[in-house]
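Below are structures written as structure tokens.
Both complexes shown next keep chain A, but they swap its partner, so chain B is in the first and chain C is in the second.
After this line comes the complex of A and B, so read on.
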């Protein structure tokens, strides 16, 4: 018998918390931490994506989160505990600045995707252009702390990082759950089907869309800051820009955009796949891993548009796989 | 002080002219993307990567096989045109009935494929044709022939496309489909064929752009990222699918980049252009030439 969902969640979480105390292989823990951090980022992307707001600007939010935190620490000596909220504030402002005109003037679908694409482009260019402070394309390293590890939010122990990442990932799922049960979800679903009808029914379209966008941007920026604190190295290519935005979209599409654990499944599959391909092809064949990766993604979008988890769940419920849930944006 | 101003003005003028020259190239890129969008209603995120493949094609034809530039150019254009048709046939066509965003994402996947294919096949070295065209000096200003040639060829390319669209039966059919997708099938137009032709024409434009870009820039697998985003911005700024708007927007953008680069680094020129873009989204969300509702 499958365990009932009521017990499955607490037991699953307890097992995940217990894991690093039993199993301590540093490489595997490292992969797990990365999966958790990226899962959180992908979950934040799909907060918007599931309602048809396909943003290609999340690479930009992630870059802002990572770079602002690191810059404040290195140049002003501000602890990430203060730096991260400031970084989140910056990302939130940026999101408002870009999203407000988009929503106010009904920029949807392709247009929205391309405008947000511009946003990740801007962030990438600004980071590269201010190379005197950010190190440009060579990347940037937060200074190692000489004082308290807790103030600097720098830990050598992977177990600590695992627990932090786990907590944040769980918080992400909780936010998903809360939104899923709120009125905002119905409003957003109405908007994604027909904006005019939703507005006529009394939904404040611009406000609802802005709220979900800002939540999503804040979470993504937090993911960026965490990634920076954990890896202790960021470069424009790994935390910002179009490649990162696309990477988010793909992982979510592969995992399943309309289910809570879809982005996580996507992160597990894409990161393991990338890691496997990297090891399999070794350093002698640069690029083969991405080639296989890209082909798989195209195949996925063509043949499994609901993602792996979404399709499996549908199969269990007896819904035909190829039937698409996604609606055409007006 | 006076001499400073004089020099400054010369630089300013030079930047303006260089901006116009750059604008021609950008307009060509935007035209191809706009054509695809206007007719098939799909955004090729991987458009710049098609250009990259075309640049590699030129590099190998000229450097490796020793074919002269002007003979190699048509071959490279045909190559990218076939690639464009293939992209439509293999990736877009199966997705045409699906949600539009899936088509956009699928071409994003193709972007990864093309980039990594280039990395695997050609390595990550920067390569160039090794052709150094002379520099035209005119009234203390310097313009490279490569840019002048690119500008001229881009203009000719655009005129050819315009004539094709207005003077031929196929061109008329393409424009008709852009206006009403459903009704044209009833009028006896083979939509699938028209889509394939449009994709090939879009590819050919990317190929032409590749032939011109390879004269000025080095080729590497990630070269597409340096002008891809700017092309999308131009198309959106001009109004997606609006050919004239795209043309105007290309020159506006090129001037901003060129003038912004004059006062600071080139990246700041790009940043300025991006900021301008976002402001314009507030002012004219439907594109530069869109009518106000």
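After this line comes the complex of A and C, so read on.
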């Protein structure tokens, strides 16, 4: 793209792997880990979002990933190595239950977004209502291990977390790349434009949409579980519910929905914005970031619908921004 | 090859297609004509699985296909074009046809590979006379080009029976002749059986082996083009009332 991607990728990845061994500032490393985990979550959302499947239910999937993993650990002593697959299974089943009727009965566009919004709300309500188990809105903490750190997937060393988050983030980009090169992408692009015409080309519309939805939900749940294991504290506000779902949409729209690294750019911008507000305004600014998100979201959808990275890449390729916008409505 | 018996479609209280039966033989081109709203497109949508019939049966190569999902019908070998071209503008011309070549012939199931889809796409594009260049965008195509793309997509799915829906609307006379010759070429060279739905009678009559005329959802006439065009019932409901047909008749006189 900018340089020859053949060299840019291995060099970039090598630099990222080497980073924590050279630079050890724990605060900066912490921010980087969060950026990687959220980048992965946003990338997961874009798997659907880029094809016009705007889900506002991904906060729900993330919540399921985080809470199921933590609950199984605390109550049954089940290692996250088993708990995470079970959590993913739950999220995948939930995705199927919500998405299959939607796709079968052709609930698309705004209506699909509304159905998934309800999913976010329901997961949030379930977590709050079962507060005896989940801690409700006060949040929930996985018990610190007295045994093996590896079995418990709990590490004190930020370098370990950084490398785990990096690996997962790279895996997310790899999945994006594989989908991008597959016929499934053509099918999804076709479906996003015209479901009947896609069906007339032989595409099993319901199946293709379900597949991408389940992939996206599983990845998002994994992001939730990782966030839980890293932060060792989860609350409905941070990993579940409507606010998290909206934050995903915002970050991806800002970064760029149609390019692989767009969600990552979105994660960098949103996290830095939140940190900036926290540091400079402190507790006075609690909730300001949401206000800024809201205003920026409107501005971006109107003026830069392909996001920051998408627009920059277009500019480098010499495509006028306005022209491509007309061709690729969100 | 295709046997349709007692086909009925009701939308609420309105009967769009009422008890229509017909047969299509291997290798023929059947013309399906009728004024606007006579049920032609509704029959096509049932044949291609867009919606199920309210009653009746559709048998293709001895198997009942009424009510199957569209992709299953495509995979059995019935391809279709749409009345108004519906290209995928986010894909290139080649990718449009490649997609149809991939999923139209079984997609991920079996050993169907992308290479085979590419091959099908190249053949289909060459057949209709579009460039096989992989980068060409859909936006560069005019009305005639979009119709060709529509046809190439249908051909790439590897049909034994092609449902061509009003493929001449919006073309000038020269382009119409070309398109009509194209359908004949598809039948002659690829051995594909065709049902051709059309407003414009003149060009259609020149190419088809048999014609079926619909009015208000019912079959009113069927037979050889020459016999049908002199059928008083057809002249009354079709030639007498429809502006397109009058134009077409005029066009035929000039020829």
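Simple rule for what comes next: the second predicted complex is superposed on the first by the 311 of 330 C-alpha atoms of A that agree within 3 Å, B and C clash if a C-alpha of one lies under 4 Å from a C-alpha of the other, contacts with A are read in each partner's own complex, and residues count from 1 in each chain.
The criterion applied here is as follows: a contact is a pair of C-beta atoms (placed from the backbone, for glycine too) under 8 Å apart; a residue touches a chain by one contact, two chains touch by 3 or more.
Predicted model, so just to flag it, every value in this text is computed and none were measured.
By the touch criterion defined above, A:294 lies against chain B but remains apart from chain C after alignment on the C-alpha atoms of chain A. Look at A:105: by the touch rule set out above, it reaches chain B but stays clear of chain C. Touched residues of chain A, counted separately for chain B and chain C, are more numerous for B.
Once the two complexes are laid over each other on the shared chain, residue contacts for A:183 go to chain C alone; chain B is not touched. Look at A:96: by the touch rule set out above, it reaches neither chain B nor chain C. Contacts of A:192 after superposition on the shared chain: chain C is touched, whereas chain B is not. The intersection of chain A residues touching chain B with those touching chain C, taken from the two complexes, comprises 327-328.
Taken together, the chain A residues at the contact with chain C in this complex read 183, 186-187, 189-190, 192-194, 196-205, 327-328. Those residues of chain B that touch chain A in the complex are listed here as 37, 43, 45, 91, 94-95, 98-102, 104-106, 108-113, 115-120, 124, 221, 225, 228-230, 232-233, 235-236, 240, 265, 267-268, 270-271, 274-275, 277-278, 281-282, 285-286.
Chain A meets chain B in the complex at residues 52, 54, 97-98, 101-102, 105-107, 109-111, 113-115, 117-119, 121-122, 125-126, 128-129, 241-243, 246, 249-250, 253, 285-291, 293-295, 297-298, 301-302, 305, 324, 326-329. Within the complex formed with chain A, the chain C residues making contact are 48-50, 69-71, 74-75, 79-80, 82, 86-91, 95-96, 98-100, 102-107, 114, 117, 139, 153-154, 157.
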